[in-house]
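Down below are the structures I want you to see.
Next, two complexes with subunit A in common: one pairs it with subunit B, the other with subunit C.
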Partner chain A sequence: MGIDLVLDPAFLQSVPRFLTPILLAALGGAICERAGVFNIALEGFILVGAFCAVLGSYFMGSEWWGAVAAMAGGVGMGLLFAEFSLRRKGDAIVVSIALNLFAAGLTVYLLRTIFGVSGAFRDSGIKGFSGIDIPLLRDIPVLGPLLNGQSILFYFAVFAALALQLFFARHRLGLRLRAAGENPAGLSAGGVDPQRVQLWALVLCGALCGLAGAQLSIANVNLFVENMSAGRGWIAVVAVLLTRGRPLYVLFIAVLFGFVDSLSFRIQGFGLPQQFTDVMPYLATLIALIVLSAWHKSKTA
Partner chain B sequence: MQVDLSGVTVRFGTLTAVDNVSLHFSPGEIHAVVGENGAGKSTVMNVLFGLIKPAVGTIAIDGAEMQWRNPQDAIARGLGMVHQHFMLQDSMSVLENIVLCSEPVSNLGFVKFNTARARLREIAETYGIGVNPEKRIADLSVTERQIVEILKVLYRDAALLILDEPTAVLTPQEAASLFQILRNFRASGKSIALITHKLDEVMEIADRVSVMRAGKLISTKPIGETSKAEIARGIIGGELPASLTRATQAVGEVVLAVDGLQARGVGKTVGPVSFDVRRGEIVGIAGISGNGQTQIIEALVGLRATTGGQASLLGHTLRGLDVGARRALGMSYIPADRQRVGLALEAKVSENAAIGREGTKAFRNWLFIKRAAMTSFARELIESYHIKVAGPNARTSSMSGGNKQKLIVGRELSRGTPLIIAENPTWGVDIGAIDFIHRELIRMRDAGHAILLVSTELDEVLALSDRILVLYENQIAGEFAAADADRLAIGELMTSRSKVVQVA
Partner chain C sequence: MDIDFRNQLLPCVSVFAWIFGILLVLMFVANAHFGEAISGFLNGAFGGRNLAYLLTTLSRATLIVGMALAVMISFRAGLFNIGGEGQLVIGGLAAALVGVYMPGPGWLVMATGIVAAMAAGGLWAVLAGVMQLYVGVPLLIGSLLLNYPARYLGSYLVGHPFRDVASGLPQTHLVPNEAWLPLFSGTRLDMGILFIALMSVLAVIYCNSTVPGYRARMNGLAPEFARASGLPVKRIVLQSLLMSGAIAGLVGALAVFGLHHRFTDGMLVQPLYAWTGIIAVLLVGMVPWAVPISGFFFAAIQTGAAGMERTADVPKEIGLIMQAVIILFVAGRISGVSLAGKSGENDNGH
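On to the complex of A and B.
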C-alpha cells in the first residue's frame, strides 16, 4: 500500500459515495446548530430518509420520486422533533434519543408490513440514481475519477455546502436562524417568533437528512437494509459540533471523514484486522478534535 | 403621533403588577416614567409594545384603538423600543443587527444590504449619529451598542421611542451625549418615553413626568409644575428618608485581620494587602472596578486560592478552610453578583432564604429538609426586610432586582455573624432599597458587628464607612478616617499611581 492505493481510480470513486450522506446530514445538522436547536437525531432522520427513498422509488418507479419521498420522510421527522422539542418543550437530547430509537423500530416494522421481508429489501423495481458522466471532468487526472460519474446527490451536496454559506450570510431566513441560535430574545423583541424560525431549521434539516438517506439506499446501492445509516448520522453530529455549524468547515470535515471511511474499507483488503480499520473514522474524529482545539487555543492565546 | 394608554391592568398570577394606569405620549415631547424597581414601569411599556397582553385596558394611536397581537404589530404602527438589556446579536455586524426582523429583501428572500446601508447613512445624516455598520457588536463599547439599539428603532421609522433605563450602563459623559440625541429626536417631532429611576436625568431632559408606585400611577405633571423632591416623595410614597446618621462609637476587638494577603488576579498578583476590621466599625474599600476588589473579597470568602499572606477571623486562621467552614466561623457575605453568586434564580424564595442553613437543626430532620420551617423562615424575612414578592413559594427570578438584593441582605444579616462582607450591596437597585440596605448595614455596625464594605460607588463608601481604604492597581493606595475623608483626595488616589501614599 502507498500512494498508488490512494490514486487507484476505484478508491477515488468510492470517496464521494462515503462522504455524500455525511455531508448532507451534517449540513442539515449545521442549520439546526446555528438556529440553536440541539438536534442529535440525524441518525434517525437519515434512516427514515433511506427507507422512504426505497419506498418512493419502488412504488412510483422513479429515483426522483424516491428522493422526494426521502425528503418528505426527513421533514416528517423534523416536524416530530419540532412538536416534542419546540411546542411541548421536551428536552432536545431526550427527544433526539427517542426519535433515533423510533426510526430504527419504525423502519424495521414497515419493512415487514409493506415489503414482507426482514433484514433487507432488494428488488429490481427499486430505481436508483446512476452516475453522471461529465465529459470535460472525466479527463482530468485524479480529480476526474474522484469527482466524475457520481450521483446527482453528490454534486447537490457540494453545491448545498456553498449555498448554505451564502444563505447564512445573506438570506433573511439565514440571518434569523443565526439570531435564533445566538440571542432569541432579540428576535422576539423585533416581533419574530424564534420558535417559527427553529421550525424552519428542522424542516430544512429533515429534507437534507432525507437526501442523505436517499444517497445510501438508492444511489450507493439499490436496496434497504435494517439500520443502514450505520452511525453516519453520529459522524455528521460530530462534524457539526466540531465546526459549530460553519458550512465550509462542514464540507472540509465531511471530505476528511469520507476519505478515511473509504480508506478504512479499502485497506481491509491488505490484511489489516477489520477491528482496526473500523476504528479509523473515529480515530480521524479524535485527531480532528485535537487539531481543532489546539488551533483554537493558538488563536485565542 | 399621539399614543394613549388607558386603564391598563396587568396581573401575574395573584400579583397585580399594573393597576389601572393611563399614560399619554405626545409628539415632540419627552415623557419620563419613574418609579422604583418593581413599580410596574417596564411592564406598562411591554404592554405598549405588544410584549404583554393587559387584562384590562386599551392602546390608541391618534385616537384609533389598537389590538397588538405581537410586537411586530406595534413596530408596524411606528413604536420602537430600546430595551434595558441589549437585544443584540454579538457575533453579527452592526448592519445585520439593524436589519434583523425588518430586512429589505429581494424576491428570493436575500437581504439587500446595500439598500440598508444607504438608509443608515440617511439616518446618520438626519440625526447626527452613526456607527460603522461593518463592525461586529462584540467589538463595540457599551455606548456604541446603545446607539445601535437606537439606530434599529430609527431604521424602522419609529414615531414613538420607548427607552427603558437607557443610561443604566453609561458613564455621565456618555449619558449626556445620549440626551443630546434625544433632544434632536424631540425637535424632529418624535414622541419619547423615557423609563428611568434617576431623578436628575428626569429634571434635565423630560417635558412631562409620570410617577408610578406599586403598580399604580401616582401623578402625571409637566416638569415645570413639579420638583425633584415632589417626584421622590411620589416614588417612595412618603417623605424622603432623612440622610443617614452614624453615631460615633468606640470600636472593639479585631474581628478580621488580613496580613500580606495575595491572590492571583487578572494577569497580575493582587496584593499584598494588610488591614483589619474591628467590632462596631464599617471599613469601606473604595476604588474603580477592576483594581483587585473582587480578588481580595473572593480570597477572604474562600472562593479563590490565596498565593501568599494570611487572614484570620476572631483569631482563627482562615487558611485551608472552605466557604462553609468560614461562614460557620462567623462570616456572612453579600456578593456583588446576585444573579449568579447570591441566588439560585430558578429556585423558590424559601429555598434561597434557607441557603447556608439547610444543615442546621432548625431546617433539617435527619436526611430531610423541613419545608415548613423553610417557608415560615422565608415569610419572616419577607416581612422584616419588606421584600415585595408573591410569597415564599414564588420563583426567585420573579422578583425585581431590588427585592432580590433585599432577600440576600436579609438572609445574610439575619445570621448575625461577627463579620459581614458586603460587595457592591446596592448595585442596580432603586433608591428605596438602597436606603433600606444602608440603614440595615449601619444598624448591624451599631450592634457591634464588623463590616467590610466594598463598593465602586464612592458616595456609598463615604456615606457608610468609619474608615476608608483606597484600592488602586491591586494595592492599597491610601487610608482615611471618615472624619478627614476628602472626596477629591480619594478620587485622585483611585486614578493615579503617582499619588500613592505608603501605609504602614
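On to the complex of A and C.
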C-alpha cells in the first residue's frame, strides 16, 4: 500500500473521473455565489443533467447531443430557480429544497414513463464519451496516467476554472456579475439590473451542473440510476462555501475531494465494509469544513 | 373590491391553475386516464376496505408530522437544521438496538428504547449546533452533512454486526412482540399517533405560551436584538437543537416500535420523511397549530399517489413532484420565515 497505491495508474486514472462532476457543479455554484444567489439546489441540477444526458444520448444517438440535452436540462432548472426565487421572491433556501425534491421526483417519474424501468436504465443505445488520447502527455510519468485519456468534460472543466478566474478578475461582464453580488444598489445605479445578471448566473450555473451530470451518466458510466448525484451537489456546495466562489480555489478543493473519492473507491478492494469507504467523501468534506472554518474563525477572532 | 380581486384573488387562482396544469401535463406524459387517476388518488389517500388506506395515510402522517414538529422547533429559533434525516436514523437505530437486545418486560424495553432514541437524535442535532457555535461551520451545511455518516453508520450496523442474517436483508432482528406499540383494536394503525398528537399539543404550548419558546422565536426573528437584550443565545441554540433532534429521534422510535418492528437499511431515508417534514413546515410558514394539518396533507398526497399508481399506472413519484411544485409556488408567500444563519452570516457566539 502507501505510495504505490497512490502512484498506481488505475488509481490516477480514476481521480479526474471523480473530480470532474464536483468541479463543474462547484464552478456553477461559484458563479451564483459571486452574483449573490444562494443556490443550494446543485444536487437537483446535477441529477436533472444526468438524466437529460442519457435522454439526449439515447434518442439522438450521440454523446454530444447528450451533453447538449444535459445543459438544456440544467438551464431549465436554473430558469425555474430564477422564476421562483428572483421573480416570485421565494426564499432561496426554500426554493432550493423544493427544486432538489422536484428533481428527485421528476427524474424517477420520467425514468418510469419514458423508459418503463425503475431503479436504473442501461442500454447499448446510450452513447458515452470516451477518453481522449493525447500523444505527448501519455508518456509523462504520473501526470500521463492522471491527465491523459479523460473525457472531454474533464478538460473542459479545468479550462472553465481558469477561464472563470480571468472572467471574474478582468472581464466587464465578470465584474458586473460580482457587483450583482457585492453591491447590487451600485450596479442598478450604473444602469444594470442586478436581477438580470443573477438570471444569467443561474443559466450558466445550470449549464455547468448539467455537464456535471453528463460526466456522471455518460462519461463515467453509460447509464442512469435513481438519485445518481448521491450527495455530490452538496459536496460542491461546501466547495463553494469554503472558497467563497473563487475558481482557482474551487479547482484545488475539487482535486482534493476527487482524490478522496477515488481513494475510497480504491480501498474497497481491501476488505473494508463498503459503508466505510462510501462515507469517506462525506467525512472528508465535513473535516475540511471543520478545519477551514476553525482556521477562518481563529484568524478573524 | 376590484383591487382586492386583482391583488389577492387573482394570484391565488393563477397558482391553482398552474399547479393543476402541471398535474395534467404529468398525467398526460404517463398516458393516464384522468378519471381513474383521480379516483385512485382519493381512494389511496382516504378510502380502502374498512378505510384501510386512510389508516395508512394516518400512519404516514404520524411520522411526517413528527418530523415537521422537529424541524419547526429549530426553524422558529432561526436554526436551519436540515439534518432531520440523520437525527431520525440515529434515533431509529438506537430504538431498534434497545428493542432487540434489552431484556426485561415489554413496556420497559419500549420506554427505554424511546428515551434512548430521543437522546441519540438530540445529541446528533446538538453536534451540528456545537460545530456552528464553536467552530463556525454553518448549521445549514453542517446538519445536512451529518446525514451521511448517520445513514452509513446505520447501514453498516444492520448490515454487519447486528444483522439478522437469516432474513437475507440488511436489517436487525425483530423487536419482541411484547415491546410493540399496541394497535387500535380492529385496525392496523398503531398508537404512535397518540405520541405525535401529544407532541403537537406540547409544541403549540411551547411555541406560544412559554418563555423559552418565546426567546427561541426572538432569536429566530431578530438574532441581533436577542443578543443585544442579553439572551443566552448559545443556550437557546443548543436547547432548540436538542429538542428538535429528540423529536426526530422519537419519530425513529415510533417507526421501529409501531410500524416496522426492526431497523431495515434505508427504511427511514427512502420515504423522505425528513424532507417532507421540512416542506410541511414551510407550507404553513411555521405556524405551530397548522403543522399537523399540513403534515397530513402531504401524507395524503403520498398515499394518494400510491393509489394512482395502483389504479391508473401513474408512477407514484408524481406525489413528490407535486409537493415540490406546491412549495415552489408558495415560496414567495411564506411569511415569518427568518432564516438566520442560513449562509453562515449569523455567527452566534462570535
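Please note the rule applied: the second predicted complex is superposed on the first by the 288 of 301 C-alpha atoms of A that agree within 3 Å, B and C clash if a C-alpha of one lies under 4 Å from a C-alpha of the other, contacts with A are read in each partner's own complex, and residues count from 1 in each chain.
Quick note on the criterion: a contact is a pair of C-beta atoms (placed from the backbone, for glycine too) under 8 Å apart; a residue touches a chain by one contact, two chains touch by 3 or more.
If you're wondering where the values come from, they're calculated on a predicted model, not measured in any experiment.
Superposition note: with subunit A as the common reference, subunit B and subunit C can be accommodated side by side. By the touch criterion defined above, A:Leu187 reaches subunit B but does not reach subunit C. Contact with subunit C, but none with subunit B, is seen for A:Leu101 once the two complexes are overlaid on the shared chain. Once the two complexes are laid over each other on the shared chain, residue contacts for A:Ser293 go to subunit C alone; subunit B is not touched.
Of the two partner chains placed by superposition, A:Gly131 touches none, neither subunit B nor subunit C.
Of the two partner chains placed by superposition, only subunit B is touched by A:Ala179; subunit C is not. In the superposed model, C is the one of subunit B and subunit C that contacts more residues of subunit A.
Contacts of A:Gly144 after superposition: neither subunit B nor subunit C is touched. When the shared chain is aligned, no partner comes close enough to touch A:Gly76: not subunit B, not subunit C.
Superposition on chain A places subunit B within reach of subunit C only down to 6 Å, the least C-alpha distance between them. Looking at subunit A, you'll find no residue that touches subunit B in one structure and subunit C in the other. The residues of subunit B lying in touch with subunit A in their complex are 50-51, 70-75, 81, 83, 85, 87-92, 96-97, 99-103, 105, 108-111, 113, 152. Partner subunit A is touched in their complex by these residues of subunit C: 26, 29-31, 80, 82, 131, 135-138, 140-142, 144-146, 148-149, 152-153, 155-156, 159-160, 272, 275, 278-279, 282, 315, 317-321, 323-325, 327-329, 331-332, 334, 337, 339, 342-344, 350.
Here subunit A touches subunit B in the complex through residues 170-173, 175-176, 178-179, 182-183, 185-193, going by the rule given at the top.
Every residue of subunit A that touches subunit C in the complex is listed here, in rising order: 38, 40, 80, 84-85, 88-91, 93-95, 97-99, 101-102, 104-106, 108-110, 112-113, 118, 231, 234, 237-238, 241, 273, 275-276, 278-279, 282-283, 285-286, 289-290, 293-294, 296-297, 300-301.
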